[in-house]
Amino acid sequence: MSDALLTLSGVHTHIGRYHILHGVDFSVPKGRTTMLLGRNGAGKTTTLRTIMGLWRASQGSINFEGASIEKMDTPDVARAGIALVPETMAIFSDLTVRENIVLAARDGPPDERRLAWIFGFFPALKKFWLSRAGTLSGGQKQMLSIARAIIEERKLILIDEPTKGLSPAIVGALIECLQELKRGGATILLVEQNFRVAQEVGDLVCVMDSGRIAHAGAMADLAADDKLQQRLLGLSLDSHQ
Amino acid sequence: MSAAESQTLDAGAALPQQKTDYVPILLPFALALVAYPFVGSFSTWLTLTLAGLAMGMMIFAMASGLTLVFGLMDVMNFGHGAFISVGAYLAMVAIAPMAGYAHTDALGPGLLALLPAIALAMIGSAAAGYVFERVLVRPVYGQHLKQILITMGGLIVTEQVLYAAFGPQINPLPRPEALHGSIDFAGAAIEKYRLFVVIVGLVVFALLQFLLTQTKIGLLIRAGVENKEMVEALGYRIRRLFVGVFMAGSALAGLGGLLWAFNQEQAHASMGGEMMVLTFIVIIIGGLGSVGGCFIGAVLVALLNNYTAFLLPKAALVSTILLMVVVLLWRPRGLYAVTSR
Amino acid sequence: MLLSGNPPRGKLLTALIVLIVAALAFAPFILQGSKPLNVAATICVFALLVASYDVLLGYAGIVSFAHTMFFGIGAYGVAIALYGLGPSWTSILIGLLAALLVAGVLALAIGLFSLRVQTIFFAMVTLAVASAFAVGASQLSWLTGGEDGRTFSTPALLRPGYRLVENGPFGVEINGRTLTYYLVFFGVVFLFLLLLRIVESPFGRVLQAIRENPFRSEALGYRIVVHRTAAVVIGALFAACAGALNAIWLRYTGPDTTLSFSIMLDILVMVVIGGMGTLYGAIVGAAVFVVAQNYLQALMGVAFKAINAAGLPFLAGFFNPDRWLLWLGLLFILSVYFFPTGIVGKLRAETK
């Protein structure tokens, strides 16, 4: 694909003695939202962490905008234009919401217009602007974690299970946010267990199984094909509604 | 859960209370109050309290770097005491040519005489810290056992190098004249030098707090203490930050060593190792990684040390151990638990 | 057989161990004079002390700075009993039992209190407790003799004046000193073999498993704190025994011979140079260290004089025999870096 922003080819990752990724191949095209689905333990989080350089690929290559990044340190990967919203959210709970955002804006003070835009879909962040992030609710922490990734324009945003453990109302707000990002032309790689979210925001989909990509195609095709869903994802789909 | 969660989405929800934990801050005051009836006389109590505060400031300077380095990178430097000794010896070197200033009674020149000593002690210890980090800490990064052994080895070697370079004797290190003697206040003799140390300590603490809360570097340090992986994922090179913190911590230990050496009016290479025990107790009490906790812990330990040294001279060090045990029984991770470790 | 089914492995290593043990066993007959015999006894005591420390460091992965405290408790226990109750075997027994009780309780308390958290925490706490103990021991002078320590007499059988055989093998007189030496030697051999049994038992294997992978071990149902605390207690008890033997040999116990931090450093150097996690490393480490302590210092004295004579007093300062800790410290750092398995590890690797 000529418009691929990120391409993984034959990526293997070991964590300690465990071999987690067994040759992952896929690309993330520019300006689209690619879903990364799969059962627990399929290697989705490991894939994101490997892209980010938090775990080192033991084999294979990761290509971002024509340059290989698999040997880069995490800060350099981030500076190449990739942002991560980790599964654990990893907000700095001792710092205020404002301070979290200030740190996320590497290139200077946070841009007011962009901040206003974020407050548009995450009003809670404005409200608790000066509160310690540790006092936020789970959903608000997730919003803060996403806000950190988008406070400056990044070329690629990696998001790991943003809806995990959140109430439907907040999931709705997150979907809205993701769609707003898409309208702005963002490229997103989204790991998700919630099929409803996947269906609503995904353009393309890769399904992982045992450390490999088992299926890649359009999200709409997968959504329409019950049998394929059943085969690739088993029961994990509906159980996470 | 869902009701509460969705409520916080709209603006009408209650503001989550941001509770600052004040209890530890009250402890030193409580200790001073409790000690008063035992000491009996007000003037003695005031003298002891000031001496305790001064000692607390010095221990704080020595320990603050240690706790930050641990918080940020999970590195416990068992050789941190080396910088205390280095600071003391460098103070001795720098004060020698300033003898003219040091011998006048006037406060201005007296303090001026200290300036080059403070500068040399801090810069020299920072440089020593850089070497230490490069040579000893970095190669065994992430391996606790080796870390403890190697940094301990570093302490021995530094101590011995100081002995080799300056001789094994205890070196007299008189304070500048201006900081000798005391001021009378409410019948108590307030030693000028202790007052000076308290002021220096408070300034250092205020600067550190300002740095940690008001500057981006400070935010990065605090964020790194909590989750260094995420700091890297935001695009910051935490290694460089760590080296900076290590050097700054060493510089502060050097300053602490200088203050302590002038307090004792002598410099000796084993000072560092001797003070290490107190710094460890202090940062354990304060909560590993917490600068505020370290400050309170230092003041608590030093006050207690001074009161017991007066009331029960033989129980001073044992009392600090007991204090540590009591604090840990109350809060197993210290007064302020900032790291998850 | 003798080595309880856990041979040293490796021909060179076995040869070295046999050589050291044989030399120690026949020391009174090979070595003339009191100083060499003193060196041999010191090696014996430290071999046991270092081996007991190795249970913590090498097997359980725990760094403790309180090992000299337990060593001191053993030494003071015997010293105080012999001094207070008179020179009898009963006094030794009472002193030893009291010391074991104190050491065990203290180790239990420290372990339960601070092993819940990580290695570093335990290291810091033990350092603090040990230094407080050292200060306390020198202050309680009515009990411990303070800085001067306690000099005492041992039972008649162990006194130098007691002569068992005037003209023994090799024409050597077998007297009370010889008997004391063998008491120390066989005491150490017995306790060392007991330690070997312990580390080779299922308990020892669990300790190693915990060190390798605490999470997995916990998942398998091993109670980490219990096992680690048990290791600390065992280490403490054996260290106290080593202390008791040391006191009997020296007929003196003071802060400098038992509690000082420099002895703690000696133990660390011995265990690292000998080889962690092998127990045999303790024998090799203690032998090499104690011999080197004399040899290296003598060598430095020669260098010191030569460099001083060459008119370089500053440089000479580094070779002053008093600065031998400098070189030992460097050696220690380099061994931890490049030589983490110590002499024993190297010898095993050579002959594999």
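Lettered A, B and C in written order, each chain numbered from 1.
The rule is short, and it goes like this: a contact is a pair of C-beta atoms (placed from the backbone, for glycine too) under 8 Å apart; a residue touches a chain by one contact, two chains touch by 3 or more.
None of the values given here were measured: they were computed from a predicted structure.
Interchain contacts link the chains end to end along an open line, per the touch definition above. Farthest from subunit A, judged by the mean position of CA atoms in each chain, is C.
If each chain is reduced to the centroid of its CA atoms, subunit A and subunit B end up 42 Å from each other. Annotation: 56 Å between the Cα-based centres of subunit A and subunit C.
Separating the centre of subunit B from that of subunit C, both taken as means of CA atoms, is a distance of 34 Å. Within subunit A, no positions touching two or more other chains are listed. Among the residues of subunit C, none is in touch with two or more other chains. Residues 57, 61, 63, 113, 116-121, 123-125, 127-129, 131-132, 135-136, 139-140, 261, 265, 268, 272, 314, 317-318, 320, 322-323, 325-326, 328-330, 332-333, 336-337, 340 of subunit C are the ones touching subunit B in the complex. Interface residues of subunit A facing subunit B in the complex, by the touch rule stated above, are 52, 54, 73-75, 78-79, 83-84, 86, 90, 92-95, 99-100, 102-104, 106, 123-124, 127-128, 131-132, 135-140, 148, 166-170, 173.
For subunit B in complex with subunit C, the touching residues are 70, 76, 78, 136, 139-140, 144-146, 148-150, 152-154, 156-157, 159-161, 163-165, 167-168, 273, 276-277, 280-281, 284, 288, 314, 317-318, 320-321, 324-325, 328, 332-333, 341.
The part of subunit B that touches subunit A in the complex is made up of residues 1-2, 4-6, 8-11, 15-18, 216, 219-220, 222-223, 225-227, 229-238, 338.
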